[in-house]
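We just call them A, B, C, D, E, F, G and H in the order they show up, numbering each chain from 1.
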Amino acid sequence: MADVKEVLRMVQEGTISMEEAEELLQSVSRLEYATLDLDRRLRTGFPEVVYAAGKTAEQLTGIFSRLMAHQDIVLATRVSAEQAQHVTKTLPGVSYVADANLLYWSARPLVPVRDGYVAVVAAGTSDWAVAQEAAWTVRCFGSEARVIADVGVAGIHRLFHRLEEIRGAAVIICIAGMEGALASVVAGLVDKPVIAVPTSVGYGANFGGVSALLTMLNSCANGVAVVNIDNGFGAGYMAGMIHRQIAGE
Amino acid sequence: MADVKEVLRMVQEGTISMEEAEELLQSVSRLEYATLDLDRRLRTGFPEVVYAAGKTAEQLTGIFSRLMAHQDIVLATRVSAEQAQHVTKTLPGVSYVADANLLYWSARPLVPVRDGYVAVVAAGTSDWAVAQEAAWTVRCFGSEARVIADVGVAGIHRLFHRLEEIRGAAVIICIAGMEGALASVVAGLVDKPVIAVPTSVGYGANFGGVSALLTMLNSCANGVAVVNIDNGFGAGYMAGMIHRQIAGE
Amino acid sequence: MADVKEVLRMVQEGTISMEEAEELLQSVSRLEYATLDLDRRLRTGFPEVVYAAGKTAEQLTGIFSRLMAHQDIVLATRVSAEQAQHVTKTLPGVSYVADANLLYWSARPLVPVRDGYVAVVAAGTSDWAVAQEAAWTVRCFGSEARVIADVGVAGIHRLFHRLEEIRGAAVIICIAGMEGALASVVAGLVDKPVIAVPTSVGYGANFGGVSALLTMLNSCANGVAVVNIDNGFGAGYMAGMIHRQIAGE
Amino acid sequence: MADVKEVLRMVQEGTISMEEAEELLQSVSRLEYATLDLDRRLRTGFPEVVYAAGKTAEQLTGIFSRLMAHQDIVLATRVSAEQAQHVTKTLPGVSYVADANLLYWSARPLVPVRDGYVAVVAAGTSDWAVAQEAAWTVRCFGSEARVIADVGVAGIHRLFHRLEEIRGAAVIICIAGMEGALASVVAGLVDKPVIAVPTSVGYGANFGGVSALLTMLNSCANGVAVVNIDNGFGAGYMAGMIHRQIAGE
Amino acid sequence: MADVKEVLRMVQEGTISMEEAEELLQSVSRLEYATLDLDRRLRTGFPEVVYAAGKTAEQLTGIFSRLMAHQDIVLATRVSAEQAQHVTKTLPGVSYVADANLLYWSARPLVPVRDGYVAVVAAGTSDWAVAQEAAWTVRCFGSEARVIADVGVAGIHRLFHRLEEIRGAAVIICIAGMEGALASVVAGLVDKPVIAVPTSVGYGANFGGVSALLTMLNSCANGVAVVNIDNGFGAGYMAGMIHRQIAGE
Amino acid sequence: MADVKEVLRMVQEGTISMEEAEELLQSVSRLEYATLDLDRRLRTGFPEVVYAAGKTAEQLTGIFSRLMAHQDIVLATRVSAEQAQHVTKTLPGVSYVADANLLYWSARPLVPVRDGYVAVVAAGTSDWAVAQEAAWTVRCFGSEARVIADVGVAGIHRLFHRLEEIRGAAVIICIAGMEGALASVVAGLVDKPVIAVPTSVGYGANFGGVSALLTMLNSCANGVAVVNIDNGFGAGYMAGMIHRQIAGE
Amino acid sequence: MADVKEVLRMVQEGTISMEEAEELLQSVSRLEYATLDLDRRLRTGFPEVVYAAGKTAEQLTGIFSRLMAHQDIVLATRVSAEQAQHVTKTLPGVSYVADANLLYWSARPLVPVRDGYVAVVAAGTSDWAVAQEAAWTVRCFGSEARVIADVGVAGIHRLFHRLEEIRGAAVIICIAGMEGALASVVAGLVDKPVIAVPTSVGYGANFGGVSALLTMLNSCANGVAVVNIDNGFGAGYMAGMIHRQIAGE
Amino acid sequence: MADVKEVLRMVQEGTISMEEAEELLQSVSRLEYATLDLDRRLRTGFPEVVYAAGKTAEQLTGIFSRLMAHQDIVLATRVSAEQAQHVTKTLPGVSYVADANLLYWSARPLVPVRDGYVAVVAAGTSDWAVAQEAAWTVRCFGSEARVIADVGVAGIHRLFHRLEEIRGAAVIICIAGMEGALASVVAGLVDKPVIAVPTSVGYGANFGGVSALLTMLNSCANGVAVVNIDNGFGAGYMAGMIHRQIAGE
């Protein structure tokens, strides 16, 4: 099985024809149960990320391993402890962040590559896992993430104590469950885009996160856009993408 | 047709038997289309209030008129302009508060009968009608109502400017549409019970007030209880009842 | 690590400046995973309460212990048996009320500090846990709670037998699952505010408590305000707050 | 075009063969836009009833007229004033009950044909139209209907005043909007089947009748079965069918 | 602790006063966690039935045992195997019908006490448990129940083969999951009241039984009334009540 | 402005280059407010169809006219009477089928081009408009459509009378509102694919067609696939496509 | 117990009367808990398929075994590993396809009996099980199924690489979870009917597959019809039925 | 009434004290029915925007006029034709963009103040109004907006023809109704943040925009964040804010 960079090099050197290259690349990306999207980085600026839920540990390991051969960084989200154990045993060098339920592997040390940071503002301690997923996605994307936890609106002065740090960010991720009011309050206080993540924290009429989701979609403060319930990854991805653009990359 | 007070007096004086009194009272309260609840004041401390929606102008006038004969104050909510015109024409002395869509009649001038006041805090100008319904219900209940309008969380300093006035109230009514975050924020800042009223202000994923309703039911701040969407009357009633108890009546 | 009262005393005595005090207080309230709201009592009249769901036993113990150092009473709700075991082992003096799934610690014996009582009226035996959560919250708040269980409307005479006791309360909490009709019936019979708690008791078209929630929000009887499904704590908190005000504290 | 009875008579007399009769009967029941169900009375004990909504006045008149030729009683529900005017102008002898939005025609005077009665118990004046639809359907079915209006649970003594009359019925129809608690309360007090009709009366979180519908489906009292929102006709039909069976017909 | 019949006898004999009797009866019906409704039979014609879900095995046994002392028949629904084991061990003579998840005890052999029968028509084999719950409730009510299983509309001739038996019933219970079309089809073919029970059988867009529930509420055939999802008990109760009335009891 | 066929001819003849042709074609398909999809017939076998709702009469006319220049048949659905009047006045030869709310124009007479027919089976007279939309779409697609109206399951023998005609079809479209049971019953009786169309006919718990939609999605009979509520067009399109394939085109 | 073919033979030979045959056939199809639909193949072209969920292993084995005696092919879906083990142990020759959760038995080798194939296009690896269920149903139906996995729209070029194979199919099944956009995109690119299967893959606001379901029902591309969430079987059945018709069987 | 800038100047010059300034500023921002948020630009980088729905024409004019005195640009959204007429008559210089239902007034000509542009990509002609609202908000924010209309996925080549222009944007707004698949497809093809706007275009199971909303929240492609249904303004605001940051302002 060929390596994407190898194939590209051969094309550049004229060793193989375009047609041969195309065929090689397709064989590279095709597993029985998956069709890898190896040129996604070229199109979207970030390589394919693996959604682990619903995959067997073997499928996950197979996909992860194949991506490691072609990408500088590989990330998998929604990874269970069992899946993680299988992958990390099989593939040395892969890290499991249990708090965030994610696996990542990076060819290079994971340090910020651009100025500024993304603020990950979370309403409660129970939102911790989603906040960590967002923060680690931001880091995998090459940006610095600062987590500001447990500053929900029930004790709004806690938010004001941290306001300067929040205002200093390039992009703000706002994470809240229950009534999710934090996003509106923060957006009314800053001049930066706010990516809001509703969480399923709560019970009864929170309907698994619907209450926070609706709150954030109906924010009376402007400059808020929303991702799926508990989707820390999606917010981190969006924030990283905006940050990269601000950095002029 | 006898008058309730008259009947009671006759019982007291022994002019009529218990059975005769009961029969008289029932005839008093029975219209073809309605069964009036004339002793509600005794049971719940406040006379029956008329829900005008879905009644013909004639039915509304009939019920209103009958209640005027037996109660010191009569209140009807959700009154359309057409209904109001019919009632006020037929029954002099009845007032229509168009902003609040309510009709009231009071045997005595409508002035506060107890110390302290109810704060009616509304998030936006579009919540005006619901705020007025709440305020006028409070007034009909014998309490003072102060409306503090348009202090939604998008510009949270507006709320802080009015915080002292809000904190000074005996009971607080919080009215908000869209994401309805105001209730949580206010409840986190005061030591008084907050009656929250979600409104249908907004569009799309506000689902006619559901977004604000869920927000308020899931408030991360404590000391919040919720009434139906756009139910300014219900909040005013509840606030008046609490206020009366605080006053030791 | 300093103690809040200690810090305040030092300020009063002039031993430390305002700035030093502020810094000290903030360090006191900041854990890695939580930002404690130590002055909540000043703002809202009751100290911060811990929502245990979604926290590790260690996080819960950490927060509980920190709060014990600064508050006279500490309360945690939605505590699992496992969490409870960890906290009570680590922190002697903390009590676990298994029926109510709550942990509390009080510096003083838990006896009512004001006249009158809160009636906790529950429709069925299956609503027991929610009723207990409400009652214990009321007690932690310094009021007396009387539980009147299994008086649902299917056998309405059971309710009438207890009506005097219900009417005698300062505030009434009404707890019901299935169709939740109890709140409307009670509210039509009393002159006290009714805090209604829908429960998830039932199956099928009860939709996890939605049926009772909608019933209570649409009560044709007035003087009802609603909290979240199964939220006995929220109702107890609200009732305690109203009771305290009635007592003139 | 032949008449059904005529056809049947000819079969009996042997004037026509079975095949000829079948063909005749089918031609009788087929309009371009409708296939009439002329033998429904034989199968279900009551002739076909026309659902007028969504039909043109001409279609309605056509169907109504055709049924008049073959049935002793014809009933159409959900008839608008415009449709009614067209039908009654074209077909003399047809009556429009505006309160109930229904048209009926009867070959015989509409008097009860069996002992006992159906109680139609309605919670509020705003439920009047649905109650009338139920009552008139019962009458068309040959039973007596007694309407007991405005006895909702907000003033429960109103219900107790009428309890004897309700208990005396053969079948009880219970109609309520808002929270719809009346059905549970009534069912807990009687030993007769209760057909519950949720109505769309109310606003906000009543969701067009869903609140009352869920209440009735989740009744903690037994002996309640439910029909569609605002479906007075369906309840009247069901009650009439049960009543007829009780009468041993 | 006195026995209800004993108390009533003493009243009759004048041994105790009305007041003493009342007090005795109330003590009889009051457990710490439950208020028994011992005169329900008088009011509704059938004694109280226990809803076991959400009760501890001890509570269930306690209530069951107390009811056995005062009723001729005792029934508990939604009983888990664990609960059942505890009750049947403690209280000899109690039967557990595992298929129907119910416990019953009868002072007399459980044989039909009236002519005719109730047809329990179920669409699929997977609806078996609900059908059994309905059938056993009917039997406890003193009527005969005949179960006609697996005659759903996918193979409609199966239904026609059994139609005579269905038509012969006094009351028909129709049980179906998935799309629940069986109720409409049956109701269009019979002249008996149909009690429809939607079940949660299915997956995906059946939404736990909502699809069948809506189908049955919107039946284009008349003479259908609906109970809660999976509520075989409720349908059996309703059918038994109607059957008893038809029998003229 | 060039004509698509003209452009293609010029390419074939070599009069213009590929690049010139592409540019020409794009200019052809671009209006300010619309981007026409002129090669859709090549891709999907049927030209673009216009969804008229939400477009001004002018926009609709503009698009329709442009498509007439490039397609043999043009179809617009969800056309209001006002829009239709504007189009038919401006563009002679365009036909408005008011019953189906659609406009069509055909370069050739609209006669079936293949053997066999599509059966359009509708449950009630109120489903007429949707049935017509389906039938006319089938006709525009070149197939014969036979409408079999008002054969809903309330009178199931009506369906059996027409069964032969239904079974004879190549594809069956089943249209029903309310509980939508017709689709399951039909699918259980035929060996042809059934395209089911739920309609919004009904009220209350039909939730604008949701009840019929869920019924059809949960059909216990196999061989049913569903389109959007009231989407007669979509069903006609699907049926036509299948029919064309069966004909081997 | 007689065999269906045996019975039919005896009828043909005149050994038994029609009445005897009917009785025999009914006894054949009647188990206590199930009524088999043995002539379904005649009506719908494919024998009855067993829905295993909610049945005991014994019931499933009983039904499966009975069907094996009368059908050439037997298929059961939604089979758990436990059920499968019981059936395959008891009935040799039955195959369990674990990936698809189905059991099948075929009297003949399972090879395609007609030209052309059905394309089973799946968006992600997590949709694998549903895709397998669809593919194996197609195979049991006698058609060839080709699975094209993991070609979701996030990397749309993956779809274009396989487009020719998709376009070559007689019928296309499109399977997607999350936002389910694949069906619209594919339908816009092909001239074959698309059967869309929403899956429950995803989390949060996917609501167990509702997001993909709504997407597919609202497809802006035409030629899409939808089956229930996760219903690979239903799509396979529909596709097989269409394919058979195209083949002119 | 003082002007904000005037007040600030006086503070700077020491003409008035801080206290006097504060009082002046508050009087400036307080109308009876509204509390203006005059320093929002300082906090969030953009002045307050007026939500016109639910306000009287007089209120709207009053607020608009007051803001014109203190801001360089004033914007009102969701403005009806009637409201617009009143405002533009009273306040010369205000422009009404009927297509977008918005009013704006700018002290300076409305030309882009930064490099690059925002692409507003809309799926259908019926999404025009939302696209215009987004575009004009972007313009009021000082950025260039390019509208690319009617490139929905039903004819995906239309999208590819415009891909270069879309990829060249700094930020992309994606607007789609019905199934809303456009956002996922675009996000999979670009390396820029995508702000997705679901619209209410469609009918039936689109549920007023819910289908598109869920699609966008569940996008399998990354880099998508969502605003409320039909909220073109919100998307334009978010895009403008990101664009400004990229420009380094």
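Brief remarks on what is shown
In this text, contacts are C-beta pairs under 8 Å (C-beta built on N, C-alpha and C of every residue); 3 or more make two chains touch, one makes a residue touch a chain.
Here the structure is a predicted model, which is why all the values come from computation and not from measurement.
In summary, the chains found to touch both subunit D and subunit G are E, F. Among the remaining chains, the Cα-based centre furthest from that of subunit F is the centre of C. Comparing contact pairs by residue number, the interface of B-H is reproduced by F-H among B-C, F-H or F-G, since over half of the pairs coincide. Centres computed as Cα averages put subunit D at a distance of 37 Å from subunit F. The distance from the centre of subunit C to the centre of subunit G, each centre being the mean of the chain's C-alpha atoms, comes to 53 Å.
Each chain gets a centre from the mean of its Cα atoms; for subunit G and subunit H, those two points are 49 Å apart.
Contacts with at least two other chains are made by residues 43, 124, 154-155, 187-189, 204-206, 210, 213, 217-218, 221-222, 228-229 of subunit E. By the document's touch criterion, interfaces exist between A-B, A-C, A-G, A-H, B-C, B-D, B-H, C-D, C-E, D-E, D-F, E-F, E-G, F-G, F-H, G-H.
For subunit C in complex with subunit E, the touching residues are 124-126, 128, 149-151, 154-155, 157-158, 161, 201, 203-206. Only residues 123-124, 152-156, 178-181, 184-185, 187-189, 202, 204-207, 210-212, 214-222 of subunit B touch subunit A when the two sit together in their complex. Residues of subunit C that touch subunit A in their complex: 26, 29, 32-35, 37, 39-40, 43, 48, 51, 53-55, 59, 63, 78, 198, 200, 208-210, 213, 228-231.
Taken together, the subunit F residues at the contact with subunit G in this complex read 43-46, 49, 170, 187-193, 195, 213, 217-218, 221-229, 233-235, 237-238, 241-242, 245-246, 248.
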